[in-house]
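Chain IDs A, B, C and D follow the sequence of writing; residue 1 opens each chain.
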Amino acid sequence: MLYFRNDYGAGAHPAVLEALCRTNGELTAGYGADRHCLAAAETIRELCRSPEAEVHFLVGGTQVNKTAIGAFLRPWEAAAAASAGHICVHEAGAIEQGGHKILPIPSRDGKLTPAMLRSNLGGPVTEHEVVPRLVYISNTSELGTVYTAAELSALREACDEQGLLLYCDGARLGSAMDAGGTDFADYARTCDAFTIGGTKNGLLFGEALVIVNPALRPGFRNCMKQQGAMLAKGRLLGVQFEAVLRDGLYLELAAHANRLARRLAAGLAARGVPLLVPAESNQVFPILPDAAVDALRESAAFEAERKLDGGRTCVRFVTAWHTADADVDALLELL
Amino acid sequence: MLYFRNDYGAGAHPAVLEALCRTNGELTAGYGADRHCLAAAETIRELCRSPEAEVHFLVGGTQVNKTAIGAFLRPWEAAAAASAGHICVHEAGAIEQGGHKILPIPSRDGKLTPAMLRSNLGGPVTEHEVVPRLVYISNTSELGTVYTAAELSALREACDEQGLLLYCDGARLGSAMDAGGTDFADYARTCDAFTIGGTKNGLLFGEALVIVNPALRPGFRNCMKQQGAMLAKGRLLGVQFEAVLRDGLYLELAAHANRLARRLAAGLAARGVPLLVPAESNQVFPILPDAAVDALRESAAFEAERKLDGGRTCVRFVTAWHTADADVDALLELL
Amino acid sequence: MLYFRNDYGAGAHPAVLEALCRTNGELTAGYGADRHCLAAAETIRELCRSPEAEVHFLVGGTQVNKTAIGAFLRPWEAAAAASAGHICVHEAGAIEQGGHKILPIPSRDGKLTPAMLRSNLGGPVTEHEVVPRLVYISNTSELGTVYTAAELSALREACDEQGLLLYCDGARLGSAMDAGGTDFADYARTCDAFTIGGTKNGLLFGEALVIVNPALRPGFRNCMKQQGAMLAKGRLLGVQFEAVLRDGLYLELAAHANRLARRLAAGLAARGVPLLVPAESNQVFPILPDAAVDALRESAAFEAERKLDGGRTCVRFVTAWHTADADVDALLELL
Amino acid sequence: MLYFRNDYGAGAHPAVLEALCRTNGELTAGYGADRHCLAAAETIRELCRSPEAEVHFLVGGTQVNKTAIGAFLRPWEAAAAASAGHICVHEAGAIEQGGHKILPIPSRDGKLTPAMLRSNLGGPVTEHEVVPRLVYISNTSELGTVYTAAELSALREACDEQGLLLYCDGARLGSAMDAGGTDFADYARTCDAFTIGGTKNGLLFGEALVIVNPALRPGFRNCMKQQGAMLAKGRLLGVQFEAVLRDGLYLELAAHANRLARRLAAGLAARGVPLLVPAESNQVFPILPDAAVDALRESAAFEAERKLDGGRTCVRFVTAWHTADADVDALLELL
């Protein structure tokens, strides 16, 4: 069975697993106060060229979004996000459970623009409404689209104009950096806080949260504990991030996945298969006849994104660090 | 440095690590819908002799307490717990953040009794007060004390009389079973829900939640997601629990830790060191002169439980699956 | 200054004020356990032909929506509402503060239809999403449109098909009943719970919540207290509802307001002023040139609903029990 | 039936009712943006000698406590209160529903002292615990005891030392000022925020919240709306507070109630009836034989505070602005 279901179907990259095994016998302090977490945090600050940034390590993506947004906002404040945003749709109401409304902004490609912020959030707010305060973007977006450095800068500027915080969910940040030509420092420069996703790029689990804006730091560790988001053997997170960040492996893995997605997209184009949005990173959204989708299920694992009219379905193929060229070629053969 | 700080200072038991490495390359469904989680859940149902029980795998202890109690209670209902209970003190207000008051019940040894439930929770409740609904116990307790099967049965009976749910936090359930002579089925028989702690007994991380009461099951997976408590690579939890539960390793590791704690307690008794409470499981609470505590810190890692009068401090020594007899002897030498 | 700003600008209808003065010296139990509340609740049950319905008296509209929806839903469940719904827009995130996502359903006229429920809420829900559980409608809607008895029955049927609760925010229920030809029993027959709004129809304040569905009753009084929604001198609510419900005054006042709105709409039509939506109840939404709006502000109090293109603005004129025919004529003169 | 059940059993003082009737026909802006609220707020600022203080008018005591504490605290912060505090016991978990733990401080007389703050809140706090941030006092306390100006100053100093906010629930502030010799300015000088209770001192309903600390002001109106705590016909609150504050009526009514409580306490002393705590304000807590309590219920309305051993019960007699000397004498006769 060919595997294009998602980028978290396998375990860890061998280098990550090796690091976990090598350090397994160490006896350290818990909850992230160990030398591995300290070192990984320092590496991240260096990569971000942001020596004052605060770095926290959490286990999962919904967890870090919920904990961060809940800690950053006051009760009367709301987050805004593209209507396809992960927090809008696929986190089972986690942000609302924490007390905050999400203002969805219509977006065809899953990305936000300064113009969208101005038209959707720019008006006067009465005391009968929530106050927009934080803009959530995901890079890569849920549709695989990618922000460039210039686009991030423009969003930063729009946020500054409107007194908004900019938060980037980087569950696929490696893929976004490879595809969009950005580096860690671009996020530290433009975002108040952002995450570096490990789960979908070679770790067993783990998201690093980088808090650049000093005003957002107080109480964060208490919030983590309160949300059940402080891992007892916290060093497991530090060890894994060390393994991928120190020598550039993080970007290598993402580049590999992106390259295979481009190979897949090229093959689909050659076969005349239309895409929902252009394939920019490691998620590809071809539109196929329903019959073809059904047939394909026998040989390949993937998800249906949405049913379209005319007997067609948009499906999602995801490539990952462990996807092989041969897998892509075999998938194209099947189509 | 001798290590008696806690039972989550090391990584995983070799058998657990081996299982993780062996299955690392598998490509499975995410979020716990994989064959390892299914098999581990089935094993747990068998051990519990509770074929209908629902089993969920979560990452950490605060996370499972917060998710379960939040899912089980209605907004106007409260949890009751011994005043030293983990949810009362050491979870940074996680239960209250979820909207529920905790009614603390004074208890010298960290355990609850039917009499305590009757005197603290038995009176009429006006509509200006919260309604006690769930009794939280931890076994072993935060003071290392242990419930017997008869005590669990008596609590069940008291809960039935008063219309209360019984929830057992089994972060150290292996130690409790070894020390108290209980087995998994005793918990399935007496509790509405309970956890089987992995983090403190040989796993990298992981708590299994067993929901016995069918009324508590609806919506639980959605609640997990909403709380950021659904691990993407969920199979890591199934693989680890399989590794320790299938062949009895879970109890072996706990028995080892308990045996070393008894060895330590015997040595302390021989040296005339008083204990805060009798040492029943893998946590020992000796009372030492402050000067001795300070001196000990140079050679051993441990935590101070509380400052006492008369220049004395109660400290906590915790043994674990990786503690060696020689460690205990060396610690006793130092005293 | 002509007053068309809203229907809560004056105090109470004289009959209500007289009842408050007449009973002022009584010494009664607090929190709604007095004979006036009991009698008003009984009157409501009779009007609803629903002898088992539970009736609670709360102070305000946002308060009753927040308390009821928070009490009715489990943590993983969501409310659905027309995108213009009061809970979506004008309650400052009250429902989300209570932990629940609102699923907005696009609607041009502020009303929901069975087809909308089926297309927006009918699909399968994964455990990564919230579970739609309660349908919120407002009658009259925020745009003054009105449900007929047949429309309510159709919604009830659609809700039953999909396992949904139907909740009607009746802040302007009197106006809705007069305009739509419904009576109290139509709501008791079709809704799981609904409110009878007093604030906007002659009371100083007060909303009666009728809980028809027995499954929604447990714990409600505790929830009221927990939300700060239990009035100490609760009888003030009973006294006021008695005053308007016993002899049909409630409907008379609403009919008066509706009649004046029709008079206003007829006058606007005669002058060729277009409306945003047809005027069905006591809110009228004419579309005027911006210059006319500015000029009008000097002589009349009203609210701008929204800015339109082409230099036009949609404004809102609201009539009330205290509006006079002469007020309407004077307003029409000004246009 | 003699009425000593509470101080909110009657309607409003005639002067308050007269003001409501007199202004009933006015057509004003809603939600507290009317001239009566503005004037009442200005009067309060003058009485407090605090020209910058922000004043909000809410309907009830639990509502104002929940809204204020929820707005003032960050998610990881907790309130501390005497264990008998209203927020601890009689608000159905309102503060916890808003996400915050309450740290109860044992107190025999319902009051807090600097020493209690130091011993209960002074220790180091780990990130696994909530951070104490706000000290809740009630004046008068739930046991009728009263703070002097010197005691308030001492609490302020202790709070400053520990970085704590001081919040005073003044549901019975008039009684506290009369009994303790304090004035409004004493609260503005020592508290970060406090309430001026109207419900229990002659109003139909209403609590004024005075926010002295500028850091606590942002977003408060949005929080009020979000909590359903913004009265549509907000002027009703302004009108009532104007009526009692402008000419000293507020203190007169409280002084009357206190005088009758002293008369009652003197009579009880003459009869050798012991009190639970000394009678300082308008609540008196005599300890009576159970049989006497039962007999008394036939002729008087009052509440049992708690069952004591030895066949005795502590009951609560409350005097109010409408209690007559003859009522007190008749009650004493019955004993």
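Simple rule for what comes next: contacts are C-beta pairs under 8 Å (C-beta built on N, C-alpha and C of every residue); 3 or more make two chains touch, one makes a residue touch a chain.
Quick caveat, the model's predicted, so the values are computed rather than measured.
Trainee: Enter the minimum step count from chain B to chain D; a value of 1 means the two chains touch.
Mentor: 1
Trainee: Return the chain whose centre of C-alpha atoms lies at maximal distance from the corresponding centre of chain A.
Mentor: D
Trainee: When the C-alpha atoms of chain B and chain C are each averaged to a single point, how far apart are the two points in Å?
Mentor: That gives a centre separation of 49 Å.
Trainee: Roughly how many whole angstrom separate the Cα centroids of chain C and chain D?
Mentor: 33
Trainee: Report the inter-chain centroid distance for chain A and chain C in whole angstrom, where each centroid is the mean of the CA atoms.
Mentor: 42
Trainee: Give the residues of chain A touching no fewer than two other chains, as numbers and ranges.
Mentor: In chain A, residues 75-76, 91-93, 97, 99, 127-130, 222-223, 225-226, 230 touch at least two other chains, as defined above.
Trainee: With touch defined as at the start, can you tell me which chain A residues reach chain D in the complex?
Mentor: It is residues 31, 70-71, 74-77, 99, 127-131, 218-219, 221-226, 230 of chain A that touch chain D.
Trainee: So in the complex, which bits of chain C are touching chain A?
Mentor: 75-76, 78, 89-93, 96-102, 127-130
Trainee: For the complex, which residues does chain B have touching chain A?
Mentor: 3, 5-6, 8-12, 14, 17, 20-21, 23-30, 59-67, 91-94, 97, 199-200, 204-205, 222-223, 225-233, 236, 301, 322
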